[in-house]
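Listed below are the structures to be examined.
In what follows, subunit A forms one complex with subunit B and a second complex with subunit C.
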Partner chain A sequence: MALTVTLLNSAYLCGRCCSHKVLHPLLGPLLNDSMSKLYSSYRRPGSQPEKKPSWENTDFSFKKGINFLKSQLNMLKEETKDYLIGPGGYPLSQYLLEQTKVLWEFRSQEDLNKWVISSDVEIGGKSEVYLKLGRNNQAALLYGTLNTEVPRDGETKYSGYCSMRAKPPVGSFARKKYYDWSNFNSLYLRVRGDGRPWMVNIYTDPYFSHQKDDLYSYFMFTRGGPYWEEIKIPFSKFFLSSRGRVQDQQHPVWLDKISTLGFTIGDKVDGPFQLEIDFIGLLNDRAHTEEFAYETYEKV
Partner chain B sequence: MSPHTKLLTSLSLTLGTTITISSTHWLMAWAGPELNTLAIIPYTSKSHHPRSIEAAIKYFLVQATASTLLLFSSMTNAWATGQWDITQLTHPTSSLLLTVAIAMKLGLVPFHFWFPEVMQGSPLITAMLLSTMMKFPPTILLLMTSHSLNPTLLTILAVASVTIGGWMGLNQTQLRKILAFSSIAHLGWLAAVIIYSPKLALLIFYLYTLMTITVFLTLNSTKALKLPTLMTSWTKNLSLNAILMLTLLSLAGLPPLTGFLPKWLTIQELTKQEMAATATALAILSLLGLFFYLRLAYYSTITLPPNSTNHMKHWHFTKPTNTTTAILATLSMLTLPLSPLILAIT
Partner chain C sequence: MCQHSRPEGDPAGQASGDASGDASQKASGAPVWRRPPRGAQGEGQGPAAFVAALAALEQAPGRRVGRLELVAAALAAMPALGVARDREAYHRLLRLLPRGVWVPRGPFQRLLAPFPRQQECGLQILEQMEQYGVIPDAETRFLLLGVFGPHSRPVRKCQRMLYWLPRLRHVDPHPLPPSLPPSGLATAHLGLRRIANDPDAHITVYQRPVPDEGDDEGSIQPYIVGAQSPDQQELLARHGPARPVFVEGPFPLWLRSTRLSYYVLRGDPLPPHLREDPPDPERSLYYPLHLDLDLERGPWDDDDFDVEEVEEGPVFALCIAGAGDRHTLGKWIAGLQEANPVLGCTPVVFRLGDGEPTTAGAPGGHPEPRLEAAPPRPVVLGPPDPPRRHGHSTSGDTRSGGGPGAPPAAPGE
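And then the complex of A and B:
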């Protein structure tokens, strides 16, 4: 990206220097203003203005590099030790026998740092979302206000969503790791909502970029009461959508390579929302025998 | 898949393999694997799942690159020596490039990264084809050029493959990935002796194919894709489960099962060629593979899980076991006493 920009910038400068009329028709669009032609000139209100190019942001401190290397090597050592024990760092017998597993629980600020919150501010909307620890550090509280007012940029039609998404697991030296949930068949959530319907999204981080927008989603309907709810969502119910559009060809989610889990609210109702999450876990529900809820006939 | 597609692709697979093994000109030797690659793509991406399509794309890209390298090596050889005969690959650079190309096709380390992912994305029968039939043409090409290959390179590839195949297979819980790593390890053994005794390499390949097909057909009868399903498959077909245990131990190379024969003969051949250190290294590194095969066998047959299966496909299981599976299983476990006959013939 940086090289492309430099190339185009230099092409622009060269074009200014030489005044060959022959070259200009061919290089016209490139020479006018190279920066703005790389992407649309309209910058959405929620995104940060371009100040410094990313390659000028690097910090060449030697000490920081050494510390980074030490921390990564420590992580690598831990990973090797876990590898010697068994899959996921636990003995194989535990993997084979487990029927429940807690993935994320919210007891401290570090647990909150594993999640990222976002809302339609990034496209210019006015919803607000905040994440903090609940009472007695026993739960996470995701709260805010949903505002369905459409940003006036002429191209957006809908607005009003807030979401919380887990950060993908990262190994040593920033390698991507994946969760293996193939032993389980339902998601188990202990939540206390306010009656609003939420959408649970699973992202499997595919290898090729054409499928990077694929998301498997299902709904979580919360009760508003003062009592905690334990919601079980079987993985067979998750349907495939890509860039927000539900696909015609549905298939069950493959659980052996999951990257992140997320919650989204976008029920087109203006007003405050609140969701407390105690923990998110997995369950191998022996009573649930459905393999896939949609279109199970043989497709030729 | 419609019957027409199935006919077309299966005939193409057979044709591709036949063209390669009966070729004498490098162009035909290149055309055969290309035909195979293209023919197995529909099998791999049959279910239209993104992971299957990813597996198909990865397979195609790797095999196409390897075929290009193959053609390039034959062209450099033709440039240097003026002929396109497969058995006359005398130029050293060409033989080096050919070894690299075949290593990519077979999935030998360090060109193995595509193999587990492709196996994981394909259905069980396609995975079986990928690890047995699709390895046949490249092995034959190596066989035909074995007298002009670089021994050091092949030994390095062999030891590395056995290491990585054993080490990476240790913590896998998806059965197709386990079998992918077992395939990498077995082909490492094959690559170790192909120069010294091509007939032995062919025998290793045949026995490995036999055992792998047995395992895949057994897994296919219970549609077991991951370890926990295998753990509860004893409820569905008890005798097949016991046979699976013995077949896995045969793959691991334990005497008195058939799988011991290729390992024994390889070690004997390497020792004859003054490569006792390599033979020792290969034998010790196969212990890693033995560990995970033993663990598979233990958890599938010897232990009794505290739960029964609620795997849907098992409920409709009314077919008795295929005769083919039974015959192949018998062959893959009990052929060791026939070794004097095999040694007399080869």
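And then the complex of A and C:
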């Protein structure tokens, strides 16, 4: 009924004032960028509304376009060559027989550029996080300060988290690619922490958009100390959560459509933190036979 | 319990409309739970104050008003009173909520999302329990069932907590004891035992704190606790007096919410020709030195990672001290010398302030000089003097590396 009232009102207004600045309320959403309303209509209170129309963000210079085309065609050529060699660019025998794989190692600045760091500054908090290469360029050092002071915007209740997330793999012409980890059953991390507990998150690339906030998490407990720790986390232990809430219906993580990996710290303790990561790899632990650690029956 | 007619002379329930008629407390006309409880003024113990605050309402419930505000106020006061991790306190709070009134009757009422504010209040209690790591009980579920009914949101949340929290409680592979000792020597001991990585490590107290609490600010003498295992002693002996050893630190170590800083005695990695023992000149020449047999191991058996190893020097000893200046660490080195005489001739370089990443805000900036640590430039000391023997009087035996008044403590443990 409310809709019909709106329609009647708008029809009346249209007839009365034909100023070209007032768009027809029904056509408004169609003429604007409809995708922006669907996905990002939430604006954090206190942030400025976006006044730039989306077509102004693109740069229409010819030279840049040609360079972009060249680089993308090169990437496409590499991808075709890799496809001809075998799955993932490796020969088939390696794909079938490998027991270990190194995903990310930190030996140079470009290895660091594959990761993005963020903290609760985006919701108005005060934690700081930085990422740099460790001593002798041999490991990455993720450090900063956690601050659990809640931002005063009237709706946030908890604060204090910092995270580091890998950039999702991108193919030529900005196509989304994904990792295929189905040959392995554990995540292998060589880290040196300071005793604080971390959370490891795996983001997948789901088919349905309802599942876009799904993430699989588990904990990584560091011991602290001058010795490197080798932490193995089997994929059967990762539980499903969405938007910060653990879901009732659990299922094991599907390893063939992985998008990114992330580390988060949010253990409600104010103070500096530090984590050195040597490399992140995958392991096929033949001693681990568990399929899933949590019950999958429907919990009424 | 209806209280319509009251005698005129009773000053209790007449002042404000929503007084809960407890005849014993007549201080003001405010409801019972808003008045300060009688015994709790200036009471030091938090849990007792919390119990006393709810006691008046528990004894005489009165009218069913203001319960949601009561719960909100109690939840806000719990951390300050120290009962936030006490399940019994939450049970006490749940028993104050009315039973049966907020239970929807029938499926049609359930369909309309009944009692939303009340259910949110129950959810707030459970969320605070989750935040403080309190695992609900069968009794919690029973109390919630009585208040909200079987298909309500608080009962669902309690079921979820009962499923997840007990199994995530024991997930830590290196658990700490549930209650940590007070900060000072005992915590440092626990921290060293945790990071020492070797069950054979000997943990030695080189200096006891004066005063005993070991506070940084008012302490005359900070504590020094060190750990070294026999393997590390052997490594140090083999490291040789020609190459220097470095004292690095302070590195952070967190034990739940306590922060400690530890220092490491470490050397540079040995050059490749010195890493292995030289081949024994009297070895048998009939057998080769290295045997490379593949023995049908293929890529399906290869468990190594294809990555360059991180080159780091060996760690010879660890230490946690109350203060991180060169003087205190010099005492630690002197104490270590008793077990490792090679330290007497090895140059010791202090690289303090090297372990912390730059906290000035901009990554890559220079570390700010700190009051307690030495400046970041490495300072080379001469090798420390040979240690004083126990029981000998100090006759002209001056030390350049910082002379403590008392001889180093005898190794405990």
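Keep in mind that, in the parts below, the second predicted complex is superposed on the first by the 241 of 300 C-alpha atoms of A that agree within 3 Å, B and C clash if a C-alpha of one lies under 4 Å from a C-alpha of the other, contacts with A are read in each partner's own complex, and residues count from 1 in each chain.
In this section, a contact is a pair of C-beta atoms (placed from the backbone, for glycine too) under 8 Å apart; a residue touches a chain by one contact, two chains touch by 3 or more.
Predicted model, so just to flag it, every value in this text is computed and none were measured.
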- Overlay done on subunit A, so just call it for subunit B and subunit C: clash or fit. fit
- Query: Is A:L97 contacted by the first partner subunit B, the second partner subunit C, both or neither?
  - Reply: both
- Winner by number of subunit A residues touched, once subunit B and subunit C are compared: C
- Mind working out whether A:D180 is in touch with subunit B, subunit C, both or neither, as first, second, both or neither? first
- Touching A:F208, do we find subunit B (first), subunit C (second), both, or neither? first
- Which holds for A:F60: it touches subunit B only (first), subunit C only (second), both, or neither? neither
- Query: Who does A:Y297 touch here: subunit B (first), subunit C (second), both, or neither?
  - Reply: neither
- Item | Superposed model, angle subtended at subunit A by subunit C and subunit B (C-alpha, nearest 10 degrees) | 130
- Min C-alpha distance, subunit B to subunit C, superposed, in Å, is 5
- If you lay the two complexes on top of each other, which residues of subunit A touch subunit B in one and subunit C in the other? 97, 99, 299
- What part of subunit A is in contact with subunit B in the complex they form? 83, 86-87, 92, 95-97, 99, 180, 182-183, 204, 206-208, 211, 214, 249, 251, 254, 256-257, 286-291, 299-300
- Message: For the complex, give me every residue of subunit C touching subunit A.
- Response: 131, 159-160, 163-164, 167-168, 171-174, 191, 194-197, 251-257, 259, 262, 264, 266, 298-308, 310-312, 315, 318, 357, 359, 361, 363-364
- Residues of subunit B touching subunit A in the complex: 1-2, 47-51, 54, 57-58, 117, 120, 170-174, 226-228, 231, 295, 299, 305-307, 310, 312
- Over in the complex, which subunit A residues touch subunit C? Could you list them? 93-94, 97-100, 102, 105, 107, 128, 130-132, 136, 138-139, 141, 143, 145, 158, 188, 194-197, 219, 221, 223-228, 246, 248, 268-269, 271-274, 278-279, 281, 283, 294, 299
